[in-house]
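In C-alpha cells below, several structures.
In the two complexes below, chain A is the common chain; its partner is chain B in one and chain C in the other.
Let's turn to the complex of A and B:
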C-alpha cells in the first residue's frame, strides 16, 4: 500500500492506495506517527479513495491510530469511503468510533 | 570472513613418503591433525574409523587405487560433506576426470606447491566451517519446528476441549468451523439456559491462527457460565465486551453475534456487533428477517460506552436462523469473485430445508475451487420450530415425597426502582438457589416460575404495561419499546419477594410470594377464563398456564398485585 501525506493548515491528509492489510502495518504506523508528532496538526484525515481492500488487521491499525490521536488531543476522520471498504467499516460500526465523511 | 575455522582431521592417502611429509608439515603448521594411509583398503578403514573432515588422495596406489577408494567412501552413509582432493600427475587429465566423476571435489597437480597446499587447506577449512554452521542452523530449526509442532498439538487439544460443549450437539443446532490455519479465530458456541432457552454465539476474532484463537478464547467460559445462570443477552454481551476490553491490546477485537431463541414464547433476541447479517430463512427458503450488525465488535468500547441493546422479534412461522462469519461471503473463486451475501442467499434458497448448512459448506468449497481459504470459515444453522407446548422439555421435577427434606428456611427480598432498572433479578436469585442442594435439580422449573411471576409483577404491576398490546400488529416490538421507556423512567415502585422452604403434607415445598406496588388486575376474570379464550390466553396466559402446571398452587390476592405459588420439590 502506498501512503501520501498532504498538510493543509492543521489537517494532515494521509491518502492510502492499494490493499490495506497486515502487510501495511509498518508503513501506516510510521506515516501516522510522523504527523502525530507535529504539534500544529489537530486533525488527521485518512483518505480511503484508492483503497480496494481492507481486512480486520487494518481495522486494528485504525483503532491504534485513534488511541494515539486521542492521547495527543487530535481528531481522526475517515474520508472517501466507497464499495467494499465502506461496507467493512459499516459492518464494524466504525461510524460510532470515528468521524466519517 | 567472519567464519570461525576449527582444527581439521585430514586423511592423506599416498604411498610416496616425501609427498606425505610435505603435506604433513603444512597441515601441522596450520594446526590440523593428519592421518595417513598408504593404499585404498587402509584408506577406507581409516576413513570409517576416524571420520576425517577432508581427504587428500593419490590416484595411483598399490592394490585398490584412489579412484575406487573415493567411490567406496562416497557410497558410505554420511550426513555431511567430506571433500576429497586428488593428487594427480601433471599429464593425467583422464585420471583427474575419472576422480571427479567418482565423487572427488578437487585436484592438486603433483608436485604441489606448498603455498597452494596451504591455500587449499584454508579454503576447505572455511567451507567446512560454513557447513558446520548451516548444519547447526538446520538442527536448531528442526528442534524449533518439533517444539512448535508439539505446542500446536497441545494448543489444539486444549482449545478443542475448551470450545467443546454439550450445546454444540443440540438437535436444533448445526454448525461448521474450518480454520484457515491450524487454529481457528472463529468460535461457535451453543448452550441451553434455564427454561430451555437456546443461546448461540458466533464470534470472529481479528486475524487468524493461534493469536486469533487466543483472542476469542475468553468468550467461551463467560458465555456458558452466564447462559447457565439465565442472564439475558444484553448482560452477556456487556460482560463479554468488558472481559475482552480488559484482556486485549487496543488493535484486537472480536466480532460476535449472539442469539437467544425462546421457542415457548416464540421470541428471537439478537445482538450483532461486527458480524455479517444474521438471517432468518423461512420454510420456503426466503430471507424473511435479517439482523445487520448494530454495534462495533466486542473488546473495543470501554464498558461505559458499550451498548448491549438487542433486537427482539416475536416470530409467527417456523424457519431457520443462519449465522456466519465474513470468511463465508468473502470466499473468492479463482477469478477473485466473492461469494457475497447474494450468492449465499441463493445457496440457502436452493437448499433443502434440512440441508442448509451442507449447502453453505459445499457452496463455499465450490467457490474456492480447491484453493485454501485465507480466512476462518464458520456458520451456525438453528432450527426455529413452532411448537405449542406448555410444559418443559426437561424432566418434570419428580415428586420426592418419599424423601422429604427436614430443613426449613426463609428469605425476604425487596427491590426498589434502582435495582429493578439495573439488575438481572431472576439470574441473581437463581444463582443463589443454585447453591442450595435440594433445589439444584429444579433450576429449570424455578427459572420459569420466577421469570414469569417476576416479569409479570414488573411489567404489568410496577410498569403498568398492558400485555394486550402484544396482540396487535407490530405490538410485540411496541410493547418492548414501551417497557424500556417505562423502565428507564422508573422513579418509584417496589417488588417484594418472600421464599419459604418447608415440609408440608410429608413433602418439601417452596412457597413463593411476590407483591408489587402496581394497581393489580382483574385476576378472578383472568383465572376463570377458559383455555379456549385465545385472545386472553395469548395475551398473558401462556406463561401463567405453564406456572400453574409446574406448581401445586397458584393464587392471586389483594387487587391482583400479590401472587402466591407453591412448588413441591
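Let's turn to the complex of A and C:
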C-alpha cells in the first residue's frame, strides 16, 4: 500500500492507495507516527478513495491510531468511503467511533 | 261416466278439472232433461231421473274420493318438503360452522408462523433472525478487538526489534574496539620484545590486554548470537500474529447480506400469509352470505304450506259443491215436475 501525506493548516491528510491489510502496518504506523509527533496538527484525515480492500487488521490499526490520536488531543476522520470498504466500515460500526465524510 | 273414467288416469290437477267438467255436463243434462220432461214426455221422466240420480251419485262419490286423495297427497308433499328443508337447513348450519373452524385454524397457523396479522403474535422467525444478527455483530466486534490487540502486540514487537537492532549496532562498536585493542596489544608485544630484558614485564601486560580483548570479542559474538535469536523469534511471532490479526471481513459482509435476504423473504412470506388469511376471511364471509340467502330461500316451505292449505280449502269447497249437487238431485225427486225452475236448481 502506498501512503501520501499532505498537510493543510492543522489537518494532515493521509491518502492510502492499494490493499490495506496486515502487510501495510509498518508503512501505516510510520506515516501516522510522523503526523502524531507534530503538535500543530489537530486532525488526521484518512483518505480511502484508492483503497480496494480492507481486512480486520486494518480496522485494528485504525482503532490503535484513534487511541493514540485521542491521547494527543487529535481527531481522526475517515473520508472517500466507497463500495466494499464502506460496507466493511459500516459493519464494524466505525460510524460511532470516527467522523466519516 | 266415461269422462270420469278417463279423468281417473290423468294427473291430479287434470283429474280435478275433468271431474268439474263432468259435474257441469251432468248439471246441464239434468236441467235440460227436467225441462223436456215438464214440457212433453211425462211417462219417460221417472226413468231419466233415476239415471240422472245414479250419474250424479257416481260423480259426487268420485269427486269426494279425488278430493280426499288429493288432500292426502298434498299433506305428504308438505311433509316431504318440510323434511327436506329441515335437512338442508341443518346442512347449511354445519357448513357455516365448518367454514368458521377453518378460518380459526388459518388464523392460528398464521400467528404460529409469525405472521404480523395480530399484535403480540409470536414472531419466532424474526426473533431467530435478530438473534443471528446480534451474534454476527458481536462476532465482528470480537474479531476487530482481537485484531486491535494483535496490532498493538505487533507494534510492541517492532519496538523490541528496533531495540535489538540498536543492541546489534552497539555490539558492532564493541567488536571494533576489541579488534583495535587486540591490534594495540599485538603492537605492544612487538615493542616489548624489541626492548629485550627491560620490556619483559610490559610483554606480560600486553599479552593480558590481548586476551581481554579476545574475551570481549567472544562475549560480543555470544550476545550477537542471542540477539539474532531474539530477532528470529520476533519474526516468527510476527507471522503468528499475522494469522490472528488478519481476518478477511468478507465473511461478515456475506453473512449480513444473507441475513438481510432471509429477513426480506420472511417479510414476503408474512405478507403472502396475510393475503391468504384475508382471502380465507373473505371466502368465509361469502359462504356465510350464501348460507343466509339459502336459509332465506328455504322459507318457500312456508309459502308452499300456505298454498297447499289454500288448495285444501278449494278441495273442501269442491266437496261442498258436490254435496249440494247431491242434495239438489235428491230434491228433484220430491218436487212436482211443473214447479221446477232452472234458476232454483242453480242456487244449490
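One rule holds for everything that comes next: the second predicted complex is superposed on the first by the 101 of 101 C-alpha atoms of A that agree within 3 Å, B and C clash if a C-alpha of one lies under 4 Å from a C-alpha of the other, contacts with A are read in each partner's own complex, and residues count from 1 in each chain.
One rule holds in what follows: a residue touches a chain if its C-beta (ideal position, glycine included) is under 8 Å from a C-beta of that chain, and two chains touch if they have at least 3 such contacts.
Since the structure is predicted, the reported quantities are computational estimates derived from the model, not experimental observations.
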Legend entry - Fit-or-clash call for chain B and chain C when the two complexes are aligned on chain A: clash
Inset, instruction - Look at A:97 in the shared chain and tell me whether it touches chain B only, chain C only, both, or neither; answer first, second, both or neither. - result: first
Legend entry - Touched partner set for A:26, first chain B, second chain C, both or neither: second
Inset, instruction - Mind working out whether A:64 is in touch with chain B, chain C, both or neither, as first, second, both or neither? - result: both
Inset, instruction - Return the chain, chain B or chain C, that is in touch with more residues of chain A. - result: C
Inset, instruction - Please indicate which partner A:54 is in contact with in the superposed arrangement: first for chain B, second for chain C, both, or neither. - result: second
Inset, instruction - With chain C in view, single out which of the stretches 75-83, 309-317 or 399-407 of chain B clashes with it after superposition. - result: 309-317
Inset, instruction - Name the residues of chain A shared by its contacts with chain B and its contacts with chain C. - result: 22, 56-57, 59-61, 63-64, 91-93
Legend entry - List of chain A residues in touch with chain B within their complex: 22, 56-57, 59-61, 63-64, 67, 90-94, 96-97
Legend entry - Of all residues in chain C, those that touch chain A in their complex: 137, 140-141, 143-152, 154-155, 158, 242, 245-250, 252-253, 256
Legend entry - chain C-touching residues of chain A, taken from the complex the two chains share: 21-22, 25-26, 29, 54-57, 59-61, 63-64, 84, 87-88, 91-93
Legend entry - Residues of chain B touching chain A in the complex: 206-207, 250-253, 255, 273-276, 292-297, 300-301, 326
